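In the two complexes below, subunit A is the common chain; its partner is subunit B in one and subunit C in the other.
Here is the complex of A and B:
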């Protein structure tokens, strides 16, 4: 599936995952899934705890080597990518649990995000502070002293500093108050609109993710059980099935 | 010598010891943080720093001040080699990494014994003469030892806190997995952390060489004291290490002067035991993750 432009050129799919299988020893966490992310799209990967969502993300980042399958980013295979090559390739990752560098200030965390692209740091910082004014107020503060919501903003900001074309977000609203979670979602939409960054978001909070995303895939026990636009899935009972079981 | 001058002289000696322990403890902590290896060979790199200083100044006739960067460079390069040959096979294996470091310590010490013999070598001081502050008189060589140590620690601090490389090392120490997704290579940071850490030990060895002596056996005491400083200050805490180093240096100097060095060593070990019982994470340390 690719979008044909008026000029006749085809725009390559941002991310294409085919027949991905990932195991931890004898445990099969992901059993052959395939999905795609079109350029500038927000795609959600939904499912209950242990469905294989985070494992899929870890396979894309190179943190977990897949047993089988093909992962392509902008037409090039990244199935054997190492995490160290990720940022340079144009993918940034906000991990589950946010994981700020706890003994560093907010500003230092953001600077580490720009490790592979240290040019125009001031401009990039300004833009991130526009999305997250709270981070600017706390820029000198040690990141472990931030609230959960602020740490999430920092994790997203740190990822954006790498100037990615694809942003991978693992459970960005986990443990956040609903109001704050909605605020994060709103800003993600803004980032997507303004910068054209594709986003792959893994969430347990299905309703909120479906409102945000253009397209979603539902995972259960390591398999895809449903897919569709956010609106379609919100109407159906796929989600309930995925979380509660048939 | 008046009693006051005597007290001040003892304090200066305490500061020198404090600077020595701090250089050792900071390097030791850096190696532990970046490689997760308790480096029992750290004292041997101190010893080699002393020999490097001796050969550059006494044998080659270079100025004393040049011996310090040269000792750092020589030992840092040796550190790169040791990291590659000894520690890389045990990456992620803390226990065997530690045992390998004990082996490395034996090799380095006995290697030095074979090459240089057991006799302690004496090195001339950095400078002759005395420096006067009003009525207080301090040997210039001792003052220089403190100033040079402070300068090296300041440079180290700036590199770690305010450069891209320093940030990368710290990020790797704090969360290797996340740091790697931002393009920071563990394969570069591990050798760098080790080389810098043992380089600091070499600086300590070079600075202290004129004050003490140079022999294959000089590494033991600084290593032991670095351990104690790390226990007292908290592993991984640089401010904790700074406070603990100065405290240990001053306590040792004053106690040794008035009650003998046996009492001084006993008192410091007692303090370490009390700290382990009362505050196992040290003065400013954070909780340690085991395994």
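Here is the complex of A and C:
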């Protein structure tokens, strides 16, 4: 879908998923879901364990071939994209959560992130170090020695080095202390505000994600059960239903 | 010498940032260790010491090539075959076509490179042990083809009377002359390997072996870089083979068996596969060992085996891992 802004520019939907169906053999993990991410939006995909959130992400990133459905990124089909082509297309993603290139230093990790866009590396590094001063302090340190929170910062920083238009995050606050989790959410909002990067965040931590996002979709047993702005969903009992069942 | 001088100078482009990265405690330790050692044969001036020193340099060059391949998490058992391809290419070029020595080394590199690209495209899709087995089979295949083509390879008799190396009309068949040449060749090899591994290409190698899914998601095509690593490593083996042919003056298919590859692997692991200097250390320790242990007769193999197991057990990073730790202590970092 495209619509015309006041300025007259036509903008296409950043990500559009239509009738997506994904199975692992006979097991249907995702049963026909559709959703959209508008440019510069933060969208949350929520649901309990096994609801199909990660499978949806695997389908978008080309790690799992969908049985049916269409995935479009900026108007072009990416249903058959390989993980390798994602970065070039403008989608940043860490396939194994926040796990870095363990044997490399923080700086080297960030430099690998810039593999597809090696221009202006110094400028990009400065900006990432502004968001995450902790990474600057540890730039020479081996990344496997970082704490969970620092590794998450590194994963986001590495993603930004590729100058993505869409950032996919799988459980970025998993296992982090609440204070640190909130800090990361705050920085994500800042990155979104300043750089206009769309963010799709997959979370079990619904409350925190709803406070951050512009719009959210709730998944249960591979189907969409609710959608709405973060504020609306926080008020209703959709979330309880999705997690506990009704 | 003109070839060497072209590869030796440090490129002036700011991209490589050589002064900063080169003046570390680690490189200082290695320089303090190796520069006097490299000068030692010249001081002792014994034919036997020169011979050993030349073999050390030769093994170090060939093992450096394997070190590049191992960076992308692939273990090649065909390294002997690539040294052999280089050796035959350069020896045949010198004998049959009268090509000058340095040009014959370029041909050796080309031959090994073409063979590596072809084999790499074929087998680099294989994972782990299957890749190792495929390269093992290639090594045997090379040996058998050479045995079956006596008009090219000399068959079991091999190629003898390979002319002594000659650079710009200057014969370097004398041991000191050849030692200086091969020491410079080793230095050039190490510099090239260092430049590759410090560049974005080397970072891509490390990314692939460190976390393959993340490397792919970062837009690094693993196959292309694996072929690149396999080819550059095999090219280095080919050049080493060419130098070997000129030094020894005789090659046969039996010079490049499976055991050649295995010995290279052992030198790499013992020296340290994570460090550029690892292959040099491995060659330095293991090349003279059979000579030193020769007087022990039958015990030789046993002592050799025990040394290997001890190193593998107590120094997983190899000898260079130990030196790196020492250097870090000296520079006061933890």
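In this text, the second predicted complex is superposed on the first by the 236 of 246 C-alpha atoms of A that agree within 3 Å, B and C clash if a C-alpha of one lies under 4 Å from a C-alpha of the other, contacts with A are read in each partner's own complex, and residues count from 1 in each chain.
The rule is simple: a residue touches a chain if its C-beta (ideal position, glycine included) is under 8 Å from a C-beta of that chain, and two chains touch if they have at least 3 such contacts.
Note that the structure is predicted; figures quoted are calculated from it, not measured.
Participant: Which holds for A:96: it touches subunit B only (first), subunit C only (second), both, or neither?
Facilitator: second
Participant: Thinking of the overlay built on chain A, is A:179 touched by subunit B (first), by subunit C (second), by both, or by neither?
Facilitator: neither
Participant: Looking at the overlay, what does A:83 touch: subunit B (first), subunit C (second), both, or neither?
Facilitator: Both partners, subunit B and subunit C.
Participant: So, A:27: does it touch subunit B (first), subunit C (second), both, or neither?
Facilitator: Touch status of A:27: no partner.
Participant: Pick one for A:104: touches subunit B only (first), subunit C only (second), both, or neither.
Facilitator: In the superposition, A:104 contacts both subunit B and subunit C.
Participant: Thinking of the overlay built on chain A, is A:61 touched by subunit B (first), by subunit C (second), by both, or by neither?
Facilitator: both
Participant: For A:162, decide between first (touching subunit B), second (touching subunit C), both and neither.
Facilitator: Both partners, subunit B and subunit C.
Participant: Which partner chains sit in contact with A:116 here, subunit B, subunit C, both or neither? Use first/second/both/neither.
Facilitator: A:116 sits against subunit B and subunit C alike.
Participant: Is there a shared patch on subunit A that both subunit B and subunit C touch, and which residues make it up?
Facilitator: Shared contact residues on subunit A: 61, 63, 82-88, 92-93, 95, 99, 101-104, 108, 111-113, 115-116, 118, 158, 162.
Participant: Can you name the residues of subunit B that touch subunit A in the complex?
Facilitator: Contacts found on subunit B: 164, 167-168, 170-171, 174-175, 177-186.
Participant: Can you tell me which positions in subunit C touch subunit A when the two form their complex?
Facilitator: Residues in contact with subunit A: 200, 203-204, 206-207, 210-211, 213-221.
Participant: Please name which positions on subunit A make contact with subunit B in the complex.
Facilitator: On the subunit A side, the touching residues are 61, 63, 82-88, 92-93, 95, 99, 101-104, 108, 111-113, 115-116, 118, 158, 162.
Participant: Could you pull out which subunit A residues touch subunit C in their complex?
Facilitator: Residue positions touching the partner: 61, 63, 82-88, 92-96, 99-104, 108, 111-113, 115-116, 118, 158, 162.
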